[in-house]
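Both complexes shown next keep chain A, but they swap its partner, so chain B is in the first and chain C is in the second.
Take a look at the complex of A and B:
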């Protein structure tokens, strides 16, 4: 008798609970019928809601490599020099108040401010930097981006394990507030380099509280444990959901930080991001579907932003096998591509047609004009390569990683080569991302799609990879003159002479044509009008402490 | 006694199946070209070597396999190579509740729509109602989730403003996700229910009941329903497992942090331990579901019980 009754009441309660929660489900969204959108509320609370592409790989500056990771690290840490909100070539003092090079730019002294603090209140000293550089360069750490520190004397040898004593590496703390970097070669652009996330300091006490210096997997990155020295500190981290940064009360310049927090959302699909933006869920998107660019362009007060980005889209040619081993043949291919058509009708994101590999920069690097679109020349080169007509060219393959955009570009180029040169046997082959990378690495390709994003604003980050046997070369191309010019440029301390030398090297590269430059990247994204002081930047590294949120007058998106 | 032996043999079978799945996954993942340490910007060779040493990938495969099984037996799924700083256990523990909620709500919606539709269509066999319902179900099956999901988002979030279109925390987007999943499965369930209800309705005991003057509704729900629902129950196991593990599209469209994304991302990142971990969890889920369904079916249908 007892059992059925308890059963029934239990069922009743369950039923009531289900019903009421169902009702709640239906009513909740209706009841909260959005007088204020999430973005509006966040603006009022001064929390920046940011679409950030993919889930961060890590929040340890020594383990990451992607742009999205760096976006978060810039909130949680502060390097010696930080990005200027309006220009890529200007510098803002970070932990270093000022810095000075020696006469030939091969030794840099950074003078650290005395009031810089970690988020736990500890002072930031020069030793924190030497500790961080020791850690990232330590062979056992196997930090994927350690090579960014190879500027320092003996850094590469230490990273390879050829030198055991870190004292031999070119970085020294002089007292608590002076850091001296001794470089292998003059680098007038060194302050640009140290803005990169690989040069951030880490807090020794925190790292060693949770493991050895070189442990990759410890709990120190987790909220509650994480200690940084940036304007914000880590508050929450849910995988694939969000990373939340809240003000670091100990930050030396806390009075000038305008935001009360940043929420990073790892939304991978650009379509979802665009909808989230339209729905008032984020202030800023990471990217934007190409197919919607046109309709956003037509809007009044459009939130669409199209800005030049420090990257180059190109095709690699394998110079070790026929038919792409013939330089004249590669030149013919390069001269027969109408890049204007590609950016105008295929990519449609405001990209700049590239007639050189390195994007031009405001600091005064002008890539040489060697390539162009000229069918007469293209056909001449094809003849020089030994083909009377394009029909005689043996079959070759363009390898792309699977993505609609890459396929469309490849198809356009295939068509141009056919129409302009009569080359009929060009195949396009899709490969999954990692398979494609392995294929390129093993050089089992004829022509392969590629992209390169510069780590800092200097042609060195683009041209360095084409040196003989560089691990990113992967074309088999090798030119003694090129190698020599690059070596010579690295010894020049006069910035203008250095850039001229690099341009000379690039001319050699473009004459040899192991790469077919196609276009220079743009970043296409959506920006809410409430966001203040967000200026176009070539590297897209925005210093968050300058960013503000102010409710805009009506007439934003929607 | 019979039951205990049945349960035990089913358990042993499941365990064996699990071992096979784990083994095949382990070796298949390693066969895929490329690797976890391959990046667009090449990592210097000496560092790749060190990374392999750090993760034990330098040892021969059989040794790695043995250590993996040992760890697995202790419930340790290893570190994630793509989410550095998290173990696979943590990654799954974060994603599972999201997927579970999506899946359960999706299933409830699927059943709430699918079963009445199926029963109704069977009762009104070969009428316009039947045709209309089954046509709708066919459309539901043919329309892939990647069409329905954005459509629901566009209408109910962006146009009507009833829900949020994306995100997880303090967001109602997951409801749209559940509805997408529910609609898709409800179409299957409707067709399944209709078919088996028709089977049952044509049987003698139904005719007898009707002849005795039992009201049509009572025939339908009291006599036919219990038998008619059995295939649906059999379908529930795989359906729930599929709902929980296979919501990749829904998660992507609505930006939800569930398990489904990890299946795909782990594979593209060659995140070996996460591949193995997600597959293992999914396999366990399917095995458990099937086991529960067997038990439930036996309870629903006395004949299967007797046969054992």
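Take a look at the complex of A and C:
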């Protein structure tokens, strides 16, 4: 009653202001619809805008190990053999014009093209490759992915520091344009292996201008300094904003490169990325929130793509500490997870429940189906592990890296263990991606979420990592039988016998159960119709030089 | 009438205390009273209602019953009959019960962290203001320095060091929020300590601590109470910010902040997951703010007349 009049009119003004600003908020997006979106402009300028997951750790092929980083490196560098745009098993000549193996596939000769050039105009020679392999294998480099080169004779011993002389490692440059790789064991799939980012060459002059050969993270990877031999060169790198690649004028096949540039955007959250795609900010998303899959499926001309992806989603168990050091306990955990429910209701992207570790996409390989969902068995194993009920199990923690999808899967599994086994003290801990990687590497965890994407299409890329002390093992698991079977398999040149041996090894792995397989990946992403020549690939390694951008007809999804 | 006189005498002697005056004034402020009752109600249902049997466990998942609307009853594939008062989330958990349990965390953080900041802030500010001089200058510079440190970064460093734990949240927030409180109390004490009743106390030979704790601090209570009611919502917002950055409560537990974050992510497909917790959180913040305003007017009648 006593409230002064001015107050009321003030309120009225405030209300009007709020209403008008609300109206403005509603009208603004409508107005902006008529403008050309960023994607439309980029299509016109032939610049591909890619969502690329996390911020790249490095642009040095010897330091990276994540999928997003490899996506950028594929634009900036070119290896001996490159990926075919339509199939993972076909090869396209890269720096090597042609290649030939000896009779038992243990020695490979690569004949390099003479017109291949670095982005500063220097010719690419076989010495650049031997220099790169020397660098990645050097013990002082401590490259996280050096084990990819263990195919080469003596490479492992050199990497461990047991051999000091690099000349003993099985790679030689014969003249400037011939590279000879001598392997430890026959590998008929070797051209697939050298497509991987770890086999890329590096420019010696540039690296040594900014430090020693083995120095990590020097200035050489900065824009302006960076020298590559790929179809594109590094133009700009702004942390947490973008990496821009522009055509490399010295690239040998520059005439056939269709794009005028690629911009990589580090967008970690699938939700943010989906919004960016919907608002015409990127051509292609790296991931996709599960909750929106259904609504995208219903759209006409949906940009949603669901493709088989050569990867396995699993939980690592730390076998060096209680309670996960007990194999029966790990078996109990594995048998109490209903994987059907997880792929059907939690991940929702057409994934396949995994009852083995290696995905079935590997041709001719039949993984043994050892694990299942059986509560009787799970409870038996729990008893065998020495727990009369789940309540006696001491507290343990599931480590996940921060992502909604991982959190949902972890919460579903936590609840399954509680419902099915009565295990109550399971905690979930979120960690930022880089912290999480270090935690797993240092084995400061009980159970850790993990995913493994094949580096090439062969079970070897999935099974090789569980060998004792492999740099990607990180569980502490070690089994002499397993190591022996894997060694034996690598000596066999008959493909069928080799795969049978690997299947035998996988049975040992699944019996020891240092990992709880959960599902086999699909790649779920959004693709703008302007992008041409982007075919489904098992490994998802698309050679950018074949990708084109053509404005799609009107009426396509916005 | 000796009896009547003595009654009058008692009435005069008793007078009307500051608290009683304030309460009477507060009661006339309907908005503040409604807010007070609403706050009590929210605290009650968050802490007591989950104890009632029949309220579902907030962390039990029914993945096949995801994203159901409010007031649905459904049978899960395990054959369990579930009733969802406010619908279910993307893992088939009961949203109503998650909001209740989330409220426990948010309110506990709100009140406990405020209590921590209140204790530190009042003592620090009172000592600084009363002692004055160089000690005061030094103590206030410490506050200035702490003010300058970015809060979020301190919390991130602490969580990487101690792991992501809930008690850390109380400590972190409490340790940051006391700064403003100490400045307010210091200002009050500076003006109070020159007044006659303090001089009287000093001339009576009371010890410094006794003057400080018996005579100075009780007289600063008005602004302190007001600021406290404003701190509680601020702290709850901070907790929401931290949960939003995945630094607060760990899954599967929820706080209002983390529920809102999850809801914001799923806004496009399931807006109810955002709307319900946001409504409850927003209403609680509003009522605490209104209550704070009401208390300020009640405890300091002069300022409300302007």
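Here is the rule we go by: the second predicted complex is superposed on the first by the 377 of 558 C-alpha atoms of A that agree within 3 Å, B and C clash if a C-alpha of one lies under 4 Å from a C-alpha of the other, contacts with A are read in each partner's own complex, and residues count from 1 in each chain.
In this text, contacts are C-beta pairs under 8 Å (C-beta built on N, C-alpha and C of every residue); 3 or more make two chains touch, one makes a residue touch a chain.
Every value quoted in this text rests on a predicted model; they were computed, and no experiment measured them.
Student: Quick check for you: in the superposed arrangement, does A:535 touch first (chain B), second (chain C), both or neither?
Tutor: In the superposition, A:535 contacts neither chain B nor chain C.
Student: Of the partners chain B and chain C, which touch A:444 in the superposed model: first, second, both, neither?
Tutor: After superposing on A, A:444 lies clear of both chain B and chain C.
Student: Taking the superposition on A as described, I'd like to know which of chain B and chain C A:265 touches: first, second, both or neither.
Tutor: Touch partner of A:265: chain B, not chain C.
Student: State whether A:238 touches chain B only (first), chain C only (second), both chains, or neither.
Tutor: first
Student: For the three-chain arrangement built by superposition, which of chain B and chain C touches the greater number of chain A residues?
Tutor: Chain A has more residues touched by B than by the other partner.
Student: Looking at A:44 after the superposition, I want to know if it touches chain B, chain C, both of them or none. Which is it: first, second, both, neither?
Tutor: Touch status of A:44: no partner.
Student: For A:391, is the partner it touches chain B (first), chain C (second), both, or none of the two (neither)?
Tutor: The answer is neither, since A:391 touches no partner chain.
Student: Between chain B and chain C, whom does A:429 touch in the aligned arrangement: first, second, both, or neither?
Tutor: second
Student: Which holds for A:212: it touches chain B only (first), chain C only (second), both, or neither?
Tutor: In the superposed model, A:212 contacts neither chain B nor chain C.
Student: Touch test for A:484: chain B only (first), chain C only (second), both, or neither?
Tutor: In the superposition, A:484 contacts neither chain B nor chain C.
Student: Using the superposition on chain A as set up above, list the residues of chain A that contact both chain B and chain C.
Tutor: Residues 269, 271, 435 of chain A touch both chain B and chain C.
Student: Looking at the complex, which residues from chain A come into contact with chain B?
Tutor: Within the complex, chain A contacts chain B at residues 25, 28-30, 33-34, 38, 55, 57-60, 63, 65, 139-140, 142-144, 146-147, 159-161, 216-218, 221-222, 238-242, 265, 267-269, 271-273, 275-276, 278-279, 281, 432-435, 437-439, 441, 451, 471-472, 474.
Student: If you look only at chain C, which of its residues touch chain A in the complex?
Tutor: Against chain A, the touching part of chain C is residues 59-61, 63-64, 66, 78, 90-92, 160, 163-164, 246, 250-252, 262, 265-266, 268-270.
Student: For the complex, give me every residue of chain A touching chain C.
Tutor: Of all residues in chain A, those touching chain C are 269, 271, 274, 289-292, 294-295, 341-342, 344-346, 402, 404, 407-408, 410-412, 414-415, 419, 427-430, 435.
Student: Enumerate the contact residues on chain B facing chain A in the complex.
Tutor: My answer: residues 32-35, 37-48, 50-51, 54, 79, 82-87, 90-91, 94-95, 150, 153-154, 157-158, 161-169, 171-172, 175, 252-255, 257-258, 261-262, 268-270.
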